[in-house]
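Take a look at this one; I'll ask things after.
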Amino acid sequence: TIVIRQQESRLTYFRIVDVAEDEPDPAVWGRNFPDQYEAYIKTVRTSELVRYSEFGRYGGSEAFSKLDRHPDLVKVFAGNPFGVDYREEQGHLQALRAVQETKRLGDAKPGTCMTCKSSDVPRLMKRLGAARFYATPMKELIAQNNIKHAISCADCHDSKTMALRLSRPAFAEAMRARGIDVGAASRQEMRTYVCAQCHVEYYFRGATEKYLVFPWSKGLRIENIEAYYDEIKFKDWEHAITKAPMIKIQHPEFELWSSGNHARSGVGCADCHMPYRRVGSVKVTDHWIRSPLMNVQNVCATCHRQSEAELRARILEAQDRTYQLLSQAERAITDAVAAIEKAASEGATDQALAEARALHRRAQIRWDFISAENSMGFHSPQEAVRVLGDAIDRARQAEIAALRAPRPRR
Amino acid sequence: TIVIRQQESRLTYFRIVDVAEDEPDPAVWGRNFPDQYEAYIKTVRTSELVRYSEFGRYGGSEAFSKLDRHPDLVKVFAGNPFGVDYREEQGHLQALRAVQETKRLGDAKPGTCMTCKSSDVPRLMKRLGAARFYATPMKELIAQNNIKHAISCADCHDSKTMALRLSRPAFAEAMRARGIDVGAASRQEMRTYVCAQCHVEYYFRGATEKYLVFPWSKGLRIENIEAYYDEIKFKDWEHAITKAPMIKIQHPEFELWSSGNHARSGVGCADCHMPYRRVGSVKVTDHWIRSPLMNVQNVCATCHRQSEAELRARILEAQDRTYQLLSQAERAITDAVAAIEKAASEGATDQALAEARALHRRAQIRWDFISAENSMGFHSPQEAVRVLGDAIDRARQAEIAALRAPRPRR
Amino acid sequence: MRPWTGAGLALAFLAGTVLGLGAYTFVYGKGYSYLLDDPAACVNCHIMRDNYDTWAVATHRTVSCNQCHVPASGAAKYLSKARNGFLHAYAFTFKDVQTVRIRPSNQRVLTANCQACHTRMVAMIEPRSTAPSRFCFACHKGAGHGF
């Protein structure tokens, strides 16, 4: 009722405890900010709290195996750890568990894998320095420094001012390479930058250093990223079937978003994944970070006049179009893989297969840019489909090159 | 000054002459509505009045030959009249001249070709009846009924009330086939329907009847249109090189628009091509129908807060993405054509080439749905690129099928 | 937002008053603001704050809330005020309102008011003989509340 609301509006300002810098435990911060805390801890249980299938088709918070759902992926990722264990992602508070449990890389995970998974990281990185942090095997890192918190407040906030902050070096380094000083970021930009510390494509530089790098110096489009990797002749792995030098793309949310109309209009990650929520007379940022499809009225309707049903329909339509071409690209890639395999088995030489392999690399890096991205194209609907159309073209050309590859005469 | 404005605002009501029903001459209507008339007659000279290259890349009002600019088209349209003469379209008042001058179909044009080109048509159709109008050779039709006016007022307006009206039967017939009664259309719908009488895909039913039909009974998406043509086993022509049964798509503006977010939001053709314009103290509908790129401030800025430069950039970005895949699809199609030609020349049988030919038809109808559409994808950016990605997939598969087609042993 | 049929409305109103809550809000929640024409009255409800703030920077800050949101004519004016006053007071009291969205009925009221003030400007495009092609703010999004 009104009385209670008017009280709430005062309550939310008390500071009960002083939170230490880099405090990893959200419960401590929560004493000062119960609304944000209570919302945030829901990220550990999103899948129990909402039946996703009632809202969306392509995301959600259940860690189902993508390999079981799309068996072709095993062939597509042949020889890469993602062909071993690859799941739908969950809420932030599941991050630490997930990185430890995944069979991907098993016990061979470097410290770098911990970078985006725990609020103990800011503290640790300061103590060890980023380079040493990355180079230490993850198991050791955890054991020696009893890392026990998943992503939380310290990853995004300065404990004194509560302002948003960048708690990891990789993003700032990558932006500098693009000539952008993140120190000068506006408040609105920070509402995207905090996310872009983690929701981005990355690779590890150096066999032992495992230094975390975002491949952005030529730009954020897939063509720019490909050019970067080509220039340094980088490959994540050699494809087990085609022997092509491959790149694995991971969660390029920031990169894809940046090419869309929402980014052009200054609409950032937090605007859609952390909308304002009224709690009595004050507005707080909803810290239950999750799929906007579960929350369309609060997320989209602030800016769009259309009904909730209409807005949901737009998301799904954009995603369905993306999914159609994504599937066609996947089929084109598996066809190309089969054709190259056959050509090789019939004795086509490496030289004869060079073109087909190059095309396989080009097709798959494009397909993966949309496949590994987590919005099924919504973050930039037309760009997503453009990239997939290009992927299809190159995958089919790879198949053609393999068919044409001369076989030795019998 | 105010006095003058007030006079103007009264002036706009004077009815100097009574305009007869179906009056074909715009000058007569113009006596009552000078603002609209003076704007409308600019459509005859748009290309002189604006240097298009300063605004856009893919449209404009100069009747340059698309065949000269894209020589590949001659191969793509081999055996079809569009391979003979195919130009960029101009303003409405050029329509009559253009249909008479084009070498496309030369003197073999049926009356149907006149349907969307002259304001003499409403009057004539009432007298002759649509069926007879269509079946009469165009030359005769013109000679016998001295058709001399291009598209104008009578094509869109009721002379008594000035309300929008549908002056041709094909659109109403096609909508009825979809279960929609255009008689019940709202005013806002009419602001799109008047355009959809002409800016749509069509074909002629019957070798002698040449009855005008819009292939919509299964829906407006390209997949629906293709299904319609497949069901009636229709082909516009047999491809001269591949011998595939082909469909030629024409200006499907209405169909593509209907799949976009603007249509979803109730934004119709007139909103962008006939924005309101202030004349003194009254608003009138700008009858200089042309590319919105020449008029972004008035067209887009009322609904979108972004700067003129930003809005122009969005149009061009959406078009550039479309153009990239359009070009890739074109190349894929010409490669397929060459591969089928080669296979046939090496003796592959019709049966062996059946699959390749079917795929050629499917690829090209999709490519043409975006190529013949006049907004270079802007009317529905993501859908346009989705359709092109699908076209590329099928064109490359046609090439593969041709490569695989068994040749007779020597 | 749930549509309000005349009957349901009357019923709810009755129940509301019987419980005395309608009255309570009307007074404590300053529901009576609806009877005033001073925009400040609207922001007696914090939930109207955004709308007030955006109006205050819009091209129409010289125009009061009610000149746009309430029918110009006497009878309809007070009926609408009572109705909205009650609905809003009711919602304010019982609903956890997250996003405020205008009702279609009130969109029609708005458009009539736009036309009333801009009669001449739109005389040509919106002859009184026909219903407006659509709400004015389909295009003039910013008129009332900036962008």
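General observations
We just call them A, B and C in the order they show up, numbering each chain from 1.
Just so it is clear, a residue touches a chain if its C-beta (ideal position, glycine included) is under 8 Å from a C-beta of that chain, and two chains touch if they have at least 3 such contacts.
Fair warning: this is a prediction, and the values are worked out from it, not measured in the lab.
Viewed as a network of touching protein chains, the structure reduces to a complete graph with every chain in contact with every other. Of all chain pairs, the one linked by the most C-beta contacts is A-B. Each chain gets a centre from the mean of its Cα atoms; for chain A and chain B, those two points are 42 Å apart.
Our note on geometry: chain B versus chain C, Cα centroid distance of 43 Å, whole angstroms.
For chain C, the set of residues touching two or more other chains is empty. Along chain B, no residue makes contact with two or more other chains. Of all residues in chain C, only 120-125, 129-134, 138-142, 147 touch chain B in the complex they form.
The part of chain B that touches chain C in the complex is made up of residues 9, 12-13, 161, 163, 186-188, 191, 266, 271, 276, 281-285, 302-303, 305.
Remark: chain B residues 261, 264-265, 306, 310, 314, 318, 321, 324-325, 328, 332, 381-383, 385-386, 388-390, 392-393, 396-397, 399-400, 403-404 touch chain A in the complex.
Those residues of chain A that touch chain C in the complex are listed here as 1-2, 9, 277-278, 281, 297-298, 301-302.
Of all the residues in chain C, the ones that touch chain A in their complex are 25, 28-29, 46-47, 92-93, 96-99, 101.
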